[in-house]
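Every chain is named by a letter (A, B, C and D) in the order it is written, and numbering of its residues begins at 1.
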Amino acid sequence: MTIRALVFGENVHEKLNETVRSIYPDGMHATIAAALAEDGAIEPTTVTLQDPEHGCTEARLAVTDVLLWWGHKAHGDVSDAVVERIAEHVWQGMGLIVLHSGHFAKIFKRLTGSPCALKWREAGERERIWTVNPGHPIAKGLPPSFVLENEEMYGEPFSVPEPMETVFLSWFQGGEVFRSGLTWQRGAGRLFYFRPGHETYPTYYDPHVRQVLRNAVHWAHNPAPRWTDVTQAPNVPVQDAPERIEERGPKLHKPGEEGYR
Amino acid sequence: MTIRALVFGENVHEKLNETVRSIYPDGMHATIAAALAEDGAIEPTTVTLQDPEHGCTEARLAVTDVLLWWGHKAHGDVSDAVVERIAEHVWQGMGLIVLHSGHFAKIFKRLTGSPCALKWREAGERERIWTVNPGHPIAKGLPPSFVLENEEMYGEPFSVPEPMETVFLSWFQGGEVFRSGLTWQRGAGRLFYFRPGHETYPTYYDPHVRQVLRNAVHWAHNPAPRWTDVTQAPNVPVQDAPERIEERGPKLHKPGEEGYR
Amino acid sequence: MTIRALVFGENVHEKLNETVRSIYPDGMHATIAAALAEDGAIEPTTVTLQDPEHGCTEARLAVTDVLLWWGHKAHGDVSDAVVERIAEHVWQGMGLIVLHSGHFAKIFKRLTGSPCALKWREAGERERIWTVNPGHPIAKGLPPSFVLENEEMYGEPFSVPEPMETVFLSWFQGGEVFRSGLTWQRGAGRLFYFRPGHETYPTYYDPHVRQVLRNAVHWAHNPAPRWTDVTQAPNVPVQDAPERIEERGPKLHKPGEEGYR
Amino acid sequence: MTIRALVFGENVHEKLNETVRSIYPDGMHATIAAALAEDGAIEPTTVTLQDPEHGCTEARLAVTDVLLWWGHKAHGDVSDAVVERIAEHVWQGMGLIVLHSGHFAKIFKRLTGSPCALKWREAGERERIWTVNPGHPIAKGLPPSFVLENEEMYGEPFSVPEPMETVFLSWFQGGEVFRSGLTWQRGAGRLFYFRPGHETYPTYYDPHVRQVLRNAVHWAHNPAPRWTDVTQAPNVPVQDAPERIEERGPKLHKPGEEGYR
């Protein structure tokens, strides 16, 4: 079975900043998609902020198993309607992988219900990423730790909900630490945050980072049919109760009336 | 130390529906506040949807330790700005207790990042509430189970994030079950959902329910000073790094520039 | 890839009790294995308490992906050494599915670090099993709820650690509820407890129960190589530190000395 | 209300090693107890491995709210019967704080059901401890991070169950990271692991470490009455079922018979 991965790239720094463009001439999303394509079981495609509806149309999300999200400078330009659409697809079972500065993406804040804030420093310092659980699918094939010689620092506190699992921790040369790989579930959808990926460094060419991305796509893929009524609140009429009961007492709702939202 | 509890009542059914008014002549919020007032360590006050800013002004929330929320028919009338304000206070450390039909309140959906949907039936059937962890502070003084002879049924699946703790489960006469007492954390704030409380039944006069409310206020109270910068993402300049490092490589941000949001 | 599932059956009631024998003439383990064999991707085999080392030799566990455990009357006869061996394989990545009265199996208490106690009643009453998360792999293909017309009741509180996920809840005719499908992780191993399966009823012939067993085997299977040094506490000599440091201050351990356990 | 804290010190290194004795002339337990005594709400006492039953008699544990445990060289000398007794008290509601090398203490491995292994290096290197959640009660009054100039390194992977909460992370000079403050629950008892505290360094004189210890005692204290039947599995006779049911089908157990364990 092929996993259909959709890579969203903000694609703004690549246009405005020569350093970023020189590292990622086809856009960061292209490099990320190329990393995924090294796995024959993953079929990656890409969209960008500039596409109509940022490429995240209902039709496109309906055929997406896992969405990867890289954004930074233009979080505010992402349409609220698209964010809600993505959230609903995640609840229904689409996986979501949020990368680096995507911690402040609307969709990440929406699904975590949290500020998702952190400390940062852009000094090209050394980051060591340690695996907390070598048996986790997202850590498949990784060494106990690996190094990114130049990265932006992100430091705790990272104001996200307690995760389901902590997969990676980062050590920074400047003295900070960070929970760099965290998982959550929302409805039928799996959510993974992965820290590295600052646009002025060639992080998405690192083979370990690329392995994590591929592993994460496999992990986030829920092959179950979409949970299409995850937002519905159906009434169960008295006559359809699993056990036979008699209606008693006063009622607010008229028969057949919908609940309030 | 006194815990300052603020009870938000939607206060709409009480005005429109004679049954509800007859049970809660002063409004459901008044009955809930009276339950809290039975505990000398809790100082309850009330606000309603009809108050300016629903009573949840910045000044009011700043002196609130725990907010209790009952809403149903008029979720849509709650101001989005007020919802964001409440969310920020929760992240900073204010406790939040969401009651019954509040599962669809904007603030609950906001903080859980989830649909919060469920099945329902209004038949006045019997509910048995079982304690899953008798040692939990919210279960203090409760029997192994207690009965509400007439309640609305809420049935699984309840599309919320996996909780930190499951405190109560409900058995319904008609054959359904529900996770009726669930806890989460968001930032420094503690969040508790408690299922019972349909407006056409005298649930908030039940002594066990009232005990749960008081226990929950104690549990949700975080005496720590507010985490006022929970949404901030401060830059740590190179010269302030805990360990001495040299700046290396290209940079996107100018010195002193704020991060993107 | 085939998943190698090993079904442990206590195989005592089948010998001593005519009712049990009449339902499970080849032993409960045989019926459970037959349920698994309906999935071509699962290759089930069986062992019993009476086998040398209960069939759970080092060699056998080394080629087992997922172990299923049904025990009841003879928990105390299970060798402590075998329990430790199983625990170590779970930590290394072997899945474990504990069934029904296995809640008091030594291996379940060992891995949860908890009493695993509950209330019970053997009255052949009706059990309804509700899915809490329809998108969970263990719920694949199941209806919102299903009925076992005759089952033993298990009631809360179930003294186990808060689970990673609650997959199923049970409603009992007599008024109790139970968290019937719970997951945890230990090391690289996934652990699932599934409640139904009293020996005097034909539960393991129920098609939904059989579906759950097959789903659970898939879920509990960790294809990663075994985490063979999960119990080791290796010293990292100063000269092998990822960052260059100088040894400072007093030391307790001599160079090359093992740590204390 | 006074919290009765019992400090268990192994008290072996202090006798055998001059460095340790010079730092902790009255034993590490005495220094830890002194740190607790700075909080008027905590009433600390001490016991050591050499006391009869290691001082952890049934009578003593019955009047203990929170037990703190420091052990290292002599884990194997701790009586298994005492370990089981402590576990049962934790399940009933006694708090437990496990310190540093106590990660390999029998009681910690018993309650986590895990190997609790890690990497280590004794080089007197610098440790920075970062608070992950400044609003957590255990982080009360602490700065964003604090430094221990000389400590033993503990490195991931730390093979413990996913915690309820991650409170602290450590950065080490040599390049490793560690989850240094973790919480769990077992039954009615709260469990906290805190990493620092190597015997050859004056860690327990550090004011921040001492603050953590006091905070943790407050957090781990469960004022509820002990859950005395947490290990019991009572039968609920048919006539005592909450809802009236008729007994049906075959039974294994005779009326009044106890369940199997």
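To be clear about the criterion, contacts are C-beta pairs under 8 Å (C-beta built on N, C-alpha and C of every residue); 3 or more make two chains touch, one makes a residue touch a chain.
Owing to the predicted nature of the structure, the values given are computational and were not obtained by experimental measurement.
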{"item": "Joint neighbours of chain B and chain A, given as chain labels", "value": "C, D"}
{"item": "Greatest separation from chain B - chain, by CA centre", "value": "C"}
{"item": "Rotation in the CA alignment of chain C with chain D, degrees, nearest 5", "value": "180"}
{"item": "Whole-Å gap between the CA centroids of chain C and chain D", "value": "27"}
{"item": "Separation of chain B from chain D, taking each centre as the mean of its C-alpha atoms, in whole Å", "value": "31"}
{"item": "Cα-centroid distance, chain B relative to chain C, in whole angstrom", "value": "35"}
{"item": "Multi-partner residues of chain D (each touching 2 or more other chains)", "value": "128, 133-134, 145, 155, 162, 164-165, 175-176, 185, 187, 230, 242"}
{"item": "Category of the chain touch graph - line, ring, star, complete, other", "value": "complete"}
{"item": "Partner chain B, residues of chain C touching it in the complex", "value": "128, 130-134, 144-145, 155-158, 162, 164-166, 169-172, 175-177, 179"}
{"item": "Chain D-facing residues of chain C, complex", "value": "13, 17, 19-20, 72-76, 87, 91, 101, 104, 110-115, 117-125, 150, 153, 155, 159, 161-162, 164, 173-176, 184-187, 198-201, 230-238, 241-243, 245-253, 259-261"}
{"item": "Residues of chain B touching chain D in the complex", "value": "92-93, 128, 133-137, 139-140, 145, 147, 164-165, 185, 187-189, 222-224, 227, 230, 242"}
